[in-house]
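First chain A sits with chain B, and in the next complex the same chain sits with chain C.
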Partner chain A sequence: MSKIRWSIPITIVLLCLGIMLSLQFQAQTRIASDLTLQRTETLIAMVRGLSEKRQKLALEIIDLGAQLRSQVESNRDEETLLESIDLEMKKLQIVNGTTPVKGPGLTITIEEYMPIIYTDLLNIVNELWNAGAEAISINEHRITGYSTISVAEDIFSEANYSIFMTVNHEKLEYPIVIKTIGNANNLEKGLTLPGGIMDNLALFNAYPKIEKVEELEIPAIQKPVTYYFMNEYKPPEGTIAEEKKDEAANPLTKPLRNILP
Partner chain B sequence: MRKFILPLTIVCIISGFFLAFQFKIQTNTTSFDAVSQKNANLINVIQSLEQEIESQEDQIAAMRNQLNEIQNQNNRGKLQDLQQELIRAKINAGLTSVIGKGIVITLDDNKEGLNAAPNDDPNKYIIHYEHILNLVNELKIGGAEAISVNGQRLITTSEIRCVGNLILINMSRIAPPFVISAIGSPKLMLESVSMGQLELLKSAQYPITVEEKEELIIPAYKGELQFNSAVSQ
Partner chain C sequence: MWFILPIIGLILGIYLGSNITFQLPAIYIKYMSIAVLASLDSVFGGIKAVLKNNFDGTILLSGFFTNALLAALLAYLGDRLDVDLYYAAIFAFGVRIFQNLATIRHHVITNLRQRKALARGEKNE
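And then the complex of A and B:
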């Protein structure tokens, strides 16, 4: 009986104690996170620390801004460089025949009955370059600095001995059509000059048909060029001054110096 | 009944202690009131600093992202590839000096023959552009990789022609003796010319020398490359 009488107040006291304990704990954590519960010195130290951090961040932003600007600039430089390379590549592709080209020009048609031999083809091509041709093909063979024009013996037909003309080591079938892109008037004049190649051929009763064409298509080379003996030669130091003089005279090699690493 | 008094006392003392402590903290916080104005200012400063720092950090993150994007555009690799390609195209086109094994053929007019037969047609004793044109074609058939005549590099658009007594290559005058340099297999090139033009010239008594060279330098083409009609496709 007496046990029960005591147990009630004790329970109440313990309950109060528990509540107070939890309050105490809350207060402690509040002190740790709430600025209003900090001492002035702590606050001053924080202000100092944060100011310092802000300053460093501002410097970082300035650095990054400079980096960004220079990066954007160098990207722009690279783009202009890319453009100039692209322009030069386009020219070189025409020279090297690595791209099909189109434009106005002439076709010269040679039939089988005409007494025309491979040196005549060589002369016609040479004359076309002389007259300002920008691209030439014979049948579907693009003519470049590496092209050959020759003659071969048909060793497979034993019955009737025959020879045929070749371009780039491939047999030429008739009719032989030479296509050339350039100023059609100049090209025609070059061929038909008095005493020129057409006059020469006329002596042998060969009259290739020359036609001006508004737009011609000339194919690219069929096989890439490979070298086994030739390497780029860079003149040793000392001759550079002379080289530079040469390069200054040649607008084409000028950009090279800028883009070489 | 008395048995409970002692523990109860202890409990009361402890709870009293806690109560006092709790109270002390409460008064502590309110006792800041004296300096609360100063602290409130500091707290304002801290909060505005924290805000500013947050926006700075956001800005830095954004800038770093932007920088990464620009750097990852991969132009650099593309540029290097293109430069390599350009150099190969230049070598192919004849715009660089080149070095390699090869042969040098020197041709000259047949002055002795002309002197011995002063009444004969002098055209039979001089080197004509066609001789050079044929020799060059034969050198190419023999696999020549680069050819120059008297220092004029032959490229795709090079012409070999004559005006009066002059021979022009790349529109430049060249005069005898004609020095034709060709890089390639000496054996194959010699074979090719020996079956053709070179043999003809030799039998016509033209003074000719042929030299094989382990190392031959052929200069770059220095002329124009202007295309007005042809358009790449």
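And then the complex of A and C:
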């Protein structure tokens, strides 16, 4: 009985003492870890370590910035490359005739009564190319490197046997209209120069009508060509370089070498 | 085994104190240390009283809290008045703690000797 009587107050007192002690202990350790109470050597070491770390991080920032810049630059390069490729593609499409084109030029109209055969058409087209035509179409058939201009005969209807001209394997209907884009004056001169194609045709009493037009539209080819067998061929680099070097060194060597076995 | 309950109380107190989120402001650390000193004095006084068989729970509890509070207040007052009563409190409580400890030691030793003598006497008989 007496033991319980005194052990409870002592327990309460010790509980309070424990709380106070640990609080005090925490506070004291907190103060001891305060920067103002550190030893000078530790502080110096800390400052040194932190400044080193800071330097490293600054270097990293510079590094990463350079990386970012190079990435942005390469990105820009790629964009310009893509743009130039796009431009190139458009040019090639124009050249290959896979897109409709527009521009000033000439129209040449041939009526049915004019005695003209397909070779005359060929001559006219050749003359136009010579005179600097950039795009040619005959009755809405675009003339490209794969075009044909030929003659065919209708053998199935014996009653009214007929010969007709074809372009791109399609029958030409009269009036034949040749559209061409280019410098109109040059094209006209090319056709009408003395002794030229128009003079020749005049001998046969054929006078195709030539008109200058401000704005012409030439359609795209109807069937784009698909390539199954053709591959790009690049000669081995060494030979070209050597040849070029030889040429540069002595222009006389090339013909000589060509003649000699 | 009368001391187990107080020891459990002490451990529980330390555990509670270390888990409390409350942080003692740095200005009060000085006063808190004086209060802790006063509390220690009270605890040793209590143990001495137990050993001397004149223990009074009320006196112990009142002494514990009033001593702690008064010591802290005194130290504070000393700071205000620019008198280092802080050292006076340290001195007073320190002396009392050592006196209490000495009395406890004396008591424990005499108790042990008595017991030994008793045991020897019993053997001799």
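Following the convention adopted for this analysis, the second predicted complex is superposed on the first by the 168 of 261 C-alpha atoms of A that agree within 3 Å, B and C clash if a C-alpha of one lies under 4 Å from a C-alpha of the other, contacts with A are read in each partner's own complex, and residues count from 1 in each chain.
Heads up, the rule we're going with is that a residue touches a chain if its C-beta (ideal position, glycine included) is under 8 Å from a C-beta of that chain, and two chains touch if they have at least 3 such contacts.
Since the model is a prediction, treat every value here as computed from it, not as a measurement.
Looking at the overlay, what does A:6 touch: chain B (first), chain C (second), both, or neither?
In the superposition, A:6 touches chain B and chain C alike.
Once chain A of both complexes is superposed, is A:203 in touch with chain B (first), chain C (second), both, or neither?
neither
Using the touch definition from the top, say if A:93 reaches chain B (first), chain C (second), both or neither.
first
Of the two partners chain B and chain C, indicate the one touching more residues belonging to chain A.
Of chain B and chain C, more residues of chain A lie in contact with B.
If we overlay the two complexes on their shared chain A, which of chain B and chain C does A:24 touch? Say first, second, both or neither.
In the superposition, A:24 contacts both chain B and chain C.
So, A:155: does it touch chain B (first), chain C (second), both, or neither?
In the superposition, A:155 contacts neither chain B nor chain C.
Touching A:14, do we find chain B (first), chain C (second), both, or neither?
The answer is both, since A:14 touches chain B and chain C.
If I apply the document's touch criterion, which positions on chain A are contacted by chain B in one structure and by chain C in the other?
6, 9-10, 13-14, 16-17, 20-21, 23-24, 27, 31
Applying the document's contact rule, which stretches of chain A touch chain B when the two form their complex?
Residues of chain A touching chain B: 2, 6, 9-10, 13-14, 16-17, 20-21, 23-24, 27, 31, 35-38, 40, 43-44, 46-47, 50-51, 53-54, 57-58, 60-61, 64-65, 67-68, 71-72, 75, 78-79, 81-82, 85-86, 88-105, 119, 122-123, 126-127, 129-130, 133-135, 143-150, 181-183, 217-218, 225, 227-235, 246, 249-250, 252-253, 256, 259-261.
For chain C, which residues count as touching chain A in their complex?
Result: residues 2, 5-18, 20, 22-24, 26, 29, 32-33, 35-36, 39-40, 42-43, 46-47, 49-50, 55, 57-58, 60-61, 64, 68 of chain C touch chain A.
Hey, which residues of chain B end up touching chain A in the complex?
1, 4, 8, 11-12, 14-15, 18-19, 21-22, 25-26, 29, 32, 35-36, 38-39, 42-43, 45-47, 49-50, 52-53, 56-57, 59-60, 63-64, 66-67, 70-71, 73, 75-76, 78-79, 82-83, 85-87, 89-102, 130, 133-134, 137, 140-141, 145-146, 154-161, 183-185, 217-218, 220, 222-225, 227-233
Which part of chain A faces chain C closely enough to touch in the complex?
Touch residues, chain A against chain C: 3, 5-28, 30-31.
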